[in-house]
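There are two complexes below, and they share chain A, which is joined by chain B in the first and by chain C in the second.
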Partner chain A sequence: MNTTHSRRLSRLSAGAIAVLGMAALWNASAADTDMATSVRLSPSQYRLTIADIFGTSVRVDGRFEPETRDQGLLAIGARTGNFTDSGLETYDTIARAVASQVLDEHHRAELLGCKPRADTSSDDECARKFFSRVGTLLYRRPLSDAEVQTRVAMAGAEAERLHDFYAGVRLSLAQMLISPQFLFRFKRMEPDPQRPGQERMNAYDRASAISFFLWGTTPDLELLRAAGSGELHTKQGLERQVNRMIASPRVAAAVHAFFADMLQFTEFDAVSKDPEFFPRYTASVKEQAQEQTLRTIVDHVVTRRGDYRDLFTTPHTYLTKDLAALYSVPLVDVRASGQLQRWLPYTYPADDPRIGILSHASFTTLWSPSGRTSPTIRGKALRQNILCQRVPPPPGNVSFQFVDDTSNPQYKTTRDRLTAHSSSPMCAGCHKVTDPLGLALENFDSAGGFRMSENSAVIDVSGEINGKKFDGPVGLARAIRDDPAVTSCVAQRIFAFETGYMPPRDDPQWVEIQKKFAESRYDVLELMRQVALSDLSYGSSGSKLMTAVND
Partner chain B sequence: MKSKIETWTRRRVLRGMLAGSAVTVGLPILDCTLNDNGTAFADTGAPLPTRFAAWFWPLGIGEEEWRPKETGVGYELPWRFAALKPYKERMNLFSGSQVHLDGAANQTHFTGVQGYYTGKVTAAGDYFNSTNAIIANTISASRRFRSLSVACDGDAKASWTAYSGGKVPDEVSPVALYRRVFGPEFTDPNAATFVPDAETMARRSVLSAISDERSTLEKSLGAADRQKLDYYFTSLRALEQKLDIQLQKPTPLQACTRPPSVDHDDGHAVGVISAALERHDLFCDILVHALACDQTRVVSLDITQGMSSLRRDGDSTGHHTYTHEEAIDEKLGYQAKVAWFQQEYFKRLVLYADKLDAVKEGDKSLLDHMILFAHTCHGAPRLHSLMNYPFMTIGSANGRIKTGMHVATPGDPATRVTLTMQMAMGVPVTSWGTGSNRVTAPIGGVLV
Partner chain C sequence: MSSPHHNGMTAHRRCSTSVVAGAALVVPMLLTGASASAETRGYVISWFATATNNPEFAINCPRAVKDPASRYATTGKRRVDRAFVDGVEVSAYDYPDALETDPDIETVTGPHAYGFDLGGPEANKFTDPETGEKVDNQLWRAVGCTTNFQFTPPAMPYMEGQAWNSGYADAAPAWAIQISGPDLNKDGPVTVTLDRTLDHLLRDALGGIRSEVTYVIDPSPRSHNVLEGEIKNGVLYVKGGSLWLQGSAPFYTQIDLENAHMRIRSTPGGKLVGHWGGYTDWRKWAYMYTSRCGGGFDCIGIYRSVQKLADADPDPVTGKNRLISTTWRMEAVPAYLASPDGTVLASATADGLGGRIHPPPAVASTVAFDTPGSIEESATETAPTTSSQ
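Presenting the complex of A and B:
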């Protein structure tokens, strides 16, 4: 027994040395940056990754710790945020549930790829086959023999402890699923042999960055092959892979994930509407509202390769029966009786006030309190999320006495109430920035329904942006479409979605990316392609990028 | 065969524990009795643990009228606190203190709490090391959970709990909290037998192998990423410790019972105050039992975030909107609708205190062995003021604080209140806060 023990230990030690050797090869000089570059796998990336590796019948159940948003994006928060005790606990719970399914009786034959000699004891050969294959996909690089051996030994030991081969593999797999090598994507640098004295991101980390950016999921075997062969370090090799991925329908998942992040749909978790006032706004409609916008965007951006700006004025969208009822749209679905909600394409008539994604319930209801609307909140969301403009916070210890008109407190419309705010010079500065945008959307109530009046007074939906006056939701949509901030904003956000950083504003490469975006008539996939091809995405120092931001 | 087991069980606590050979340990019933005055375990003389519960309500109380005229003991409780009357002699009311901006922008509903709860007023998003977390690191580090925190309106971002790595989102679902604390992994400390779970042992064993990856991984990373990894490993250690605790025979606790199972309320977003407060009570039940069973020693409950959109049933305007729009009633001298919300919250605080007080530990109660600390985002709600902050404590922290007082400290940094809380909980700290919010002594006459 002692002999076996020590042999195993020595095997492990040899493994450890091999791992160290490999790391040294990869690393050489640890990045000197003082900003973290590693990012945590997002819940959406986690789900897609598990589905890619184990198939969609393995469910990712349970709630992840809520993500943190930084500078407008969860993708930046994934870089700047840290794990908490309760957060890792949620990942552990989810990992164990995933591993249990992979090894359950329905899945084990297919997913394991081999049959153990006996169900009640260890079988290193079968475990090794499994971990070599799955390990590469989970860690997004080939595992060294020693790393595989560690998993095999672990699975074997636990199989013996529990008298169950599958339990051993399950525990060892669950462990991989909460390992930092799975949960984090690192951006490790190595000396660049082509450019002495300079660094480049190592090939496998680069493959991960590209894959999560363009497909929202873990690299496929072809991309890993290109990383392993060194192709990803060449201009042509990188371009070949990026073009392949942009051309794939799988790019839709990344577009979906990006816009869900940019439009801050996770905030819907805290949204509820009073069923007494808004009986049609159910929990399921809340989900459908988000999906409506994301489907509209994917159709416009991926299928039609449309101009990004036209998203704000497009009459095309997708609706379900429930959403149609919410919008009072006469959607006839002759085949839907008794079926689940189906998505049907819908085009608004030319004179309809509902054009573009800002008229969607995903915008109008997300940025409204539960009982009534707030043009200030909508205007602020529009400025910050769509135009990337900062709205300063209100000053401290403000007296609202001027709003409290005790002789006549019955302001009928929201505009009446807000006008009282804006009459104070202290408040006017910011409310002038937010309210004229939000007021133009007052035809949409807190739950996304259309209205012409409030408390029996006709709603005035005139608005203004940058000194240009317009009228109502359609006027606002056209003004936003033509605002140059709208395209520079999406470009910044796309870059930050990929890198976790805001772009270096004056960097010639960044200027060039934006120029090409404009030349493509604001084709978002072309923008993504340019970002994926740019050296900026694989630069050595996040801090360099950060200091370059002229905010 | 055994060699494999040894390979993995050589690590830390698990040496010698074998699955299948269940360890059954009979508990001498004397273990769970306390000494005569209920302050310590009879068998060991170890003092009963001191516990800390933070309770956050949104948008303060009212204009100045809520402040008692007298200070010290024997003050008259203003009507705003009528619900708390049964606890008057067991509570303290703090008034007058403020948070200094020192030129920083005021992010309403955030900066004030950031100031008094973390000691620093900085740029938005900078929110680290909150008072309850500092206390948890001192008194609760050995527990199954360092701390537990919940929000009642479905918004995990309502949390005011942050360790050095940043904010810890609140748990929003009573069902999930129940499962986490009292689900299958809970070990009843008063059970007659204790059988370490084989699956838990196996999990503990495989987890320890992750730490073996650390040094390899760190070599390839820069300082900031190593720091980030450090937070991951801190959380991993917490997870390992949780399993370690589950594998040890727990100390019997007279007061510990498993609460009734919670099988509804998944933590969906709610808009009306009645729904949020119903959930509040569900959460209180679980948290009180978690404290009684010593699963954690620090709990935090946030009714909602400061900018509360909770509405009264049938009313389309929320609490926060009313603070801006409601006129001050000339006769009453305050905003009547806003006051209604505050009154509802305080009734719930009393209910929470009742539940804590119903847990008997010796001849005293759990409430006597802790501080229930009530705090809010602003002084006067209408002004969103950073002055005249109301704070309340209920309970005497195992005799470490005096009670029955109104303590007025006009213009004093509110950080002095939180420093006093830390000192009462045994945190070895002598100064706290930065800039004008720095304090070097607790509030006089409160600590014993």
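Presenting the complex of A and C:
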């Protein structure tokens, strides 16, 4: 083996051994902590955590392991999330890049917190200061002496090998960033001294649960302090911290993340529209469509503390010039040209077809194929995502002959084509559930533009839900708003977003949470507060609690 | 290069200095332009270039067909252009008026060109291929045989297309059109208001100009123009008036028309397609083309040809004409137009002018610009849609 190869191998070996070592540690961690009670950090949570610990100038570049959606939420899928070999490699790459930036010349003075005696050798004292401080933030709990010593020892050995203090700390930090202790948050139980024979979630894991739920990021120092002092195990202490976090503007990030998950915006990765038919649907419109809905929701739920149900009928939204052109409305921005497009508030007239979030391009384009609309897909998305009502998948041998033939002179509109398609008894059952909702949105084409006719035929936008008829998107919006499933669905989803599982349907605590949600006029932040304060959020994930409400 | 002509400014520009001080009071009045009308539709220019007529190349330019190399300044039989000032040789590009020999490039001899009857001499007139009328378009006569203009819509003449697509459309303030009238779905009198905007155009997913975007009108009165027109059989006509729009480098630094004429119709989607014509300052137009010479284009020849064929507004001292008849082709997409205070002045609509939508104009295949090396092969072709050099 030649010298160059052996040097390369030794570098590879260090990295490969570290990665393999981590895999072994993971398996051990899983056995110790019960994989059913560990939740993988989402990409958004990872990014916010790094930004909070190291500052926004430390970039997180790279591709995360794909998330799994379970029962409609990535947050539930994260409960069973693990890593493939290639996923571990990508996280290792991200970790090394983050560690490199933390210890680079631009950042080290501020982030290291100490100056080593010499740049070219180890300095255990400085390394210990760094890892004690940063370790607490990364692992969301104080590190044990042994853990700190492990980090210091690895940093020291590497520093001596490379004659570079910073390289040593860099490697040891990178290892922390691919540790399960960082990438997962756990729900470790301990005996409850207040209730002998019962268990409670340990304080630091409780802090993590609260923080990732209410702020979408790692616990801040105040929350960690409250965990360490035992305050989070008291009703008053818990309430004080939860109220503090709900009152902070940072709660908007969690609301943003929750609704992006609930509305399944990750599916936008696969959305494309035929530019020949929809030239106004540009790449910027695709991104902005999601942000429009999330800004509308945050404004309504966080800023205005509005009734959740009114999201489906609100005339208020935010638009950019691109979106305004898509929606064919004027949006005046008097700033000089050449600057980035701004988000400006926009209010539709009260009975405009574009009221409510179901008319947003984020819904109408996400749930449409690239060249045509699909009331069935839109109706199904509405049932499953907004009302938490399951729609079975189509049979494997279904023919889409009628619905795909958009130029058929006999079936000019989508309604005509669907009527022909669902005349088959095999199809009619599910289409009865989905199509009456989706057909009410047929004024919105596949790219979110408004139309009154299709192939020169006037579009019939009448619909029905639970036997109640309505007309057009405004009628649908009002019908959805008034459907009791809307509020029960969001309550279930928020609970699941926090805990990783659906709430127990008949549990008195859960009934109480929903009652308080209703009494608050469906204030989502109040719902989040109630969930964060409830013992249900910190109970054991034993089988009796893991009930899917919509089975 | 200032023109003495513009010292005798037309009314809307003469008032520009006086409104500066009272801009806050005057601007809203100017921006509305037209008298109160039942409907105002908004558009922004999405395509703008010299109107070409190349299907008849063999008829227009017989000399070029026989001797394609004659159209190149730097190859073929023409001498290198030399210029002298006070006996000292100078750059012909800097002193095109001081050329030793007139390049005498070929000018269009064919009978057809797009344009308008501006009252010029009968001997100079073309026949418009669209209307059959006798029209003035000496600019086309001057440049129509040069390589730069062997392009057919949707392609623009080369330099104009380069400028439009490599920066102008995406960076320069757009030009806006408001059309106002009692009922724009019927024939009748209208007011056409043209302005510059504060925003540049936005592209769509196909690289075209996006419709129904909102633009804010530049409150500067310099580029504010109000013309009277008429919709007849679904076509908008303007016959007379002055027009001045500020542009951007390199094309067009300004749109400057006297005796302005327009002929515009609606096509599917509400897009406007048509022609503008009138007299423009030949020197400013020539400067636009010849100040950035390159690629073998005959800048000197174009300059002298345009100078010679200028056909209006003789200089009182020299007697030489200062304006040349010209026609541009334009397209415009529906747009919302607003004033800086946020008032929406004009709405975007897909409805046709006069209630009519005309089929989109037949488009010949796009002419690609060939390199000089392909001259010999393409010279034998009679199909004028190739860019034979």
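In this text, the second predicted complex is superposed on the first by the 492 of 551 C-alpha atoms of A that agree within 3 Å, B and C clash if a C-alpha of one lies under 4 Å from a C-alpha of the other, contacts with A are read in each partner's own complex, and residues count from 1 in each chain.
By our rule, a contact is a pair of C-beta atoms (placed from the backbone, for glycine too) under 8 Å apart; a residue touches a chain by one contact, two chains touch by 3 or more.
Values in this document were obtained by computation on a predicted structure and should not be read as measured data.
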{"item": "Partner chain in contact with A:467 - chain B first, chain C second, else both or neither", "value": "neither"}
{"item": "Touching partner for A:369 - first (chain B), second (chain C), both, neither", "value": "first"}
{"item": "Touched partner set for A:270, first chain B, second chain C, both or neither", "value": "first"}
{"item": "Which superposed partner A:87 touches (first chain B, second chain C, both, neither)", "value": "first"}
{"item": "First, second, both or neither for A:333, with chain B first and chain C second", "value": "second"}
{"item": "Touched partner set for A:280, first chain B, second chain C, both or neither", "value": "second"}
{"item": "Partner with the higher number of touched chain A residues, chain C or chain B", "value": "B"}
{"item": "Contacts of A:325 with chain B and chain C, given as first, second, both or neither", "value": "second"}
{"item": "Common interface positions of chain A, toward chain B and toward chain C", "value": "273, 276, 283"}
{"item": "Partner chain A, residues of chain B touching it in the complex", "value": "1-9, 18-20, 101, 105-108, 111, 124-125, 145-146, 153-157, 163, 165-169, 171, 173, 176, 180, 198-199, 201-203, 205-207, 209-210, 212-213, 216-217, 219-225, 227-229, 231-232, 234-236, 238-239, 242, 268-272, 309, 311, 313-318, 320-321, 324-328, 330, 382-387"}
{"item": "Chain C residues within the chain A interface of the complex", "value": "171, 173, 197-200, 202-206, 208, 210-214, 216, 336, 338, 340-342, 344, 347-348"}
{"item": "Touching residues (chain side chain A, partner chain B) in the complex", "value": "1-2, 4-5, 8-9, 12, 16, 19-20, 23-24, 26-27, 30-38, 63, 65-66, 68, 70, 81-89, 92, 96, 122, 150, 153-154, 156-158, 160-163, 167, 171-172, 174-175, 178-181, 183-184, 186, 188, 269-274, 276-277, 283, 369-372, 374, 392-400, 403-406, 409, 417, 446"}
{"item": "Chain A residues touching chain C - in the complex, by the definition given at the top", "value": "273, 275-276, 278-283, 321-322, 324-325, 328-334, 336-338"}
